[in-house]
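In the two complexes below, chain A is the common chain; its partner is chain B in one and chain C in the other.
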Partner chain A sequence: MGLLLLVTFYITGRGLGASGAAKSTVVATINKVAPEHAQESTYYSKFISDDNHPLNQWLVFEVIGILAGALLSGALSNRLKFKVEHSPKITSGRRLVFAALGGLAFGIGSQFGRGCTSGAALSGMASLALGGFIAMLSIFGSAYVFAYFFRKNWI
Partner chain B sequence: MGPLIPLGIIDSSWNNVFAILIGIAFGFILESSGFSSSRKLAGVFYGYDFTVLKVFFSAAITAAIGLYYFYFLGWIDITMIYVNPTYLGSAIVGGIIMGLGFIMGGYCPGTSYCGAAIGKIDAIVYSVAMMAGIFLFSEFYPFFEDFYNSGSLGNVTVYDTLGISVSLFMIILIVIALVAFYVTSLIQKKVKKVEY
Partner chain C sequence: MKEELFISGRDIPNIDPFLHIWHWQIPIYLFLGGLAAGILFFASLFTIIGKEKDMPATVKWGPFFVPGALVLGLFMLFLDLKHQMFFWRLYMTIRMDSPMSWGAWVLMFITPLSFLWVASYLKDLIPDWNWKYKWIEGFLEWFRNSRTPIAWLMMGLAVVLGIYTGILLSAFNARPLWNNAILGPLFMVSGMSTGVATVMWISKSHYERKILGQIDILLIVIELFFITHMFMGMRAGSEVMIQAADLFLGGQFTVSFWVFVVILGLIFPAILEALELRGYKVPIAIPALLILIGGLVFRFVMVEAGQITRYLY
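Here is the complex of A and B:
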C-alpha cells in the first residue's frame, strides 16, 4: 500500500482519494437534473466548468479502478456474494439503518474536511501536510470516543 | 525526475489511464487486506483487530519516507508534491463527523466501494447514503460557508508548524508507529476474539 501511494505521488504529484468521486457524481447529477440550480449554487458551481464534464475527474477514473480491483480480488478469493454483513447480535435491518446513517454522516463530514480517510488523512500524512495529521487524529479520535455508544452493533 | 505528469515527462493525456491503473491496484490491495468487511474495520475501535491501523500507518510512513528519499537523491521536485491546505476549524469538525460516520457505518468511502464491489449490501447502502450526505452539505452550504473557509493556514506541512526539521519529525513518527504497533499487539492478545 505504501509503495502504491509512493508511485502515485511520483507519477501524478498527488495522492489517492475516494470521497471526491462521490462528490463529482452528485455535482454531475444535479447539473443534469437542475442545471440552473447547480449554476446558482455557490458550492456546485465551484466544480462545474464549460469545457470539462464534472465526471471527467482523476478521482472518478481512480474509483472505477477501485471497483474493478476489489471485484478482481474478491473473485480470486471466492468472496463475491450478495449479503448484509452484520454481527450475529443484531438484525440485518438494524445494520442497514446504521450503514445509511454512517454514510450520511461521512458524506457531510468529508466535505467539511475537504477529503476523507484516503484523500485527507492517508495522502495528507504521506505528503506531511498538517491537514493530514489533523484529519487522521480527528477521524480516529472521534470514532474511538463514539465507539462506546455503538458497541452493541459490533461486539 | 518526478513527479512525472506535473513536470510534463509523461503527457497529461495519460492522467486518466494512470488513474484507472492506480485505482485497480488500490482496490485490489484494500479488498485483499480484508477491508471490504465492516466488521474487520470496526475491530480497530474495539481492540479485536488492528490491521487497519497497521496498514494505514505503515503506508503513510512508507510513502513519506520514500518521497523524501527521492528528494534527497534528486529524483523528485518536492515543491511539486501536493500538500493539501489546512482549514483548522472545518478540518476538525469534519473529522469528528467522519469519525461518527465511521463507527456507525463501519466503512469509510474507499472501503465502502470495495465492499460494494464484492456484493455487500450494507456497503452499497453506505455509498448511496454518502452521496446523500454530500448533497445535503451542498444544499445547505450557504449556512456554513464562512465556517468552511475560516482558519485557513495555507498549504502548510506538519514539521514547519511544529518548528522542527523534516528528518527529526520523520524519526518521531517512526518511533510513534513502532510503539503503537507493539502496544496494539498486546491489546489484541487480551481482547476477546470476534469471529467474522
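Here is the complex of A and C:
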C-alpha cells in the first residue's frame, strides 16, 4: 500500500481516494435528475461547475481502473465467478444487507470526515497532515469499538 | 432587426451555417447498422466456407438480432429527419455520388434479406413452427437450397452497409474531422467487431467462441491501426484537420475517446479475450459488453465531435 501510494504521488502528483468517486457519481446523478435541487444544496453545489462535468475527476477514472485491474487480476488467477463470501453461520442475504448498510454508513461518515481510508487517512498521513492521523485513528478506533456489536456476523 | 447597423457579415444572426443538426438518433443508428452488418457478414462468410455446423451462433442465431436492429435503426433515422413525410423520396432516385442514396438502397435490399435469412432458420429455433401457407414453405425451401449464392450477395451488401455507416459521415466536406477516407473502413471494422462480440456472447460452443475470439482480436488490432492512422493523417493535414484531431489529443473529447473507446472498449476486452484463448476463465459477457459499449461511445463521440469541427474560424 505504501509503495502504491508513493508511485501514485510520483505519477499523478496527488494521493489515492475512493469515496470521492462515489460522491462524484451521486453529484452527477442528482445534477442530471434534479438540477435545481443540486444547485441549491450547499453540499452538491460545491462540486458542480459549468466548465467541468462532475464525473470528470481523477478519482472516477482511478476507480474505473481499479475495477478493470481487479477483473484482470481475477481472470489471471482464475477466480472470476459470482459468489458471496460470508461466515457459514449467516446467510448470503444477511451478508449483503449488512455490507450495504456498512457501506452506506461509511459513505456518509467519509463525507463528514472529508475523505475515506484511502483519501483522508492514507494519503493524508503520507503527506503528514494532522487530519490524516486523526482520520486513521477515528476510522480504526471506531471499527474496533463497533466490531464487538457485530462480531456474530463473522465468528 | 436594423440591417443598416451591421458592421460585419459575421454579426448577422445565423450567417454562419448551423452545423449541429444531428442528434442522438444518428450514433444509435450507426451503431445498430454496423452491428447488423457485422453479424450478417460473418453469417454469410461461414455459410460460404461451409461451416454452418461448427458455427451455429454465427450463422443461425446471431442473425436473429439483425431484423430488429435494422428496423430500430431505420426508425432512429426517420426520427432525426426534418421532413419525415418525405422520406420516400430517397427511393425515387439513385445517386451514385450520394452516400445517403447508397445507404437507403442497400437497406432496402438487406433488411428484407435479413428477415428471409431469419425465417429460413426459424424452424431450427422453434421446431413446431408452422408457416400455414404452402407457398411460404416452398419459397423458404428454395431459399435454403440456394443459400450459398444468397450468402455471397448478403456478404457484399453487408460490406456496403458497414462502410456506408462511416462514409455517411466522411462525405461531408464541411466537417474536417469526418472528411477522411479512413472513416469508412474504420466504421466497418468497428461494426464487425461489435457484431462478432454479440455472436460470441450468445454462442454456446467452445470451438465457435475460440474462432470468434481470434477474429475479434484481429479486428481490434486493425481498428487500432486505423485509429492511429486517422490521427496521423489529420496531424499531417491542413490547419482545420489539425484542430479537429486536437479535440481528441488534449481537447474536450480526449477522455471519452481514449478511456472509454480505446482503452475500455478495445484494448482491455482484447486482453480479456486473449486470456480466454489461453485457457483462463473469463465470463464472455464482460469483453462482449465492453466492446459493444465502446462501439456505441465511439459513434456518439465521432458524431458529436465532427459537428464541432468546421472550416469557418
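A few points about this structure:
Methods note: the second predicted complex is superposed on the first by the 155 of 155 C-alpha atoms of A that agree within 3 Å, B and C clash if a C-alpha of one lies under 4 Å from a C-alpha of the other, contacts with A are read in each partner's own complex, and residues count from 1 in each chain.
Note that in this section a contact is a pair of C-beta atoms (placed from the backbone, for glycine too) under 8 Å apart; a residue touches a chain by one contact, two chains touch by 3 or more.
A quick note: this is a predicted structure, and the numbers were derived from the prediction, not measured.
Counting the residues of chain A touched by each of chain B and chain C gives the higher count for B. By the touch criterion defined above, A:61 reaches both chain B and chain C. By the touch criterion defined above, A:112 reaches chain B but does not reach chain C.
In the superposed model, A:72 lies in contact with both chain B and chain C. By the touch criterion defined above, A:28 reaches neither chain B nor chain C. In the superposition on chain A, chain A positions 56, 61, 64, 68, 71-72, 80-81 are in contact with chain B in one complex as well as with chain C in the other. Within the complex, the chain A residues that touch chain C are 56, 61, 64, 68, 71-72, 75-76, 78, 80-81.
Against chain B, the residues of chain A that register as touching in their complex are 1-19, 22-23, 25-27, 30, 41-44, 56, 58-74, 77, 79-87, 92, 95-96, 98-147, 150-151, 153-155.
Only residues 2-6, 10, 15-16, 18-33, 36-39, 42, 44-46, 48, 55-56, 58-64, 66-67, 70, 76, 80-88, 90-110, 112-123, 125-139, 141-142, 144-145, 148, 153, 155-161, 166, 169, 192, 194, 196 of chain B touch chain A when the two sit together in their complex.
Taken in their complex, chain C has these residues touching chain A: 255, 259, 264, 268, 271-272, 275-276, 280-283, 286.
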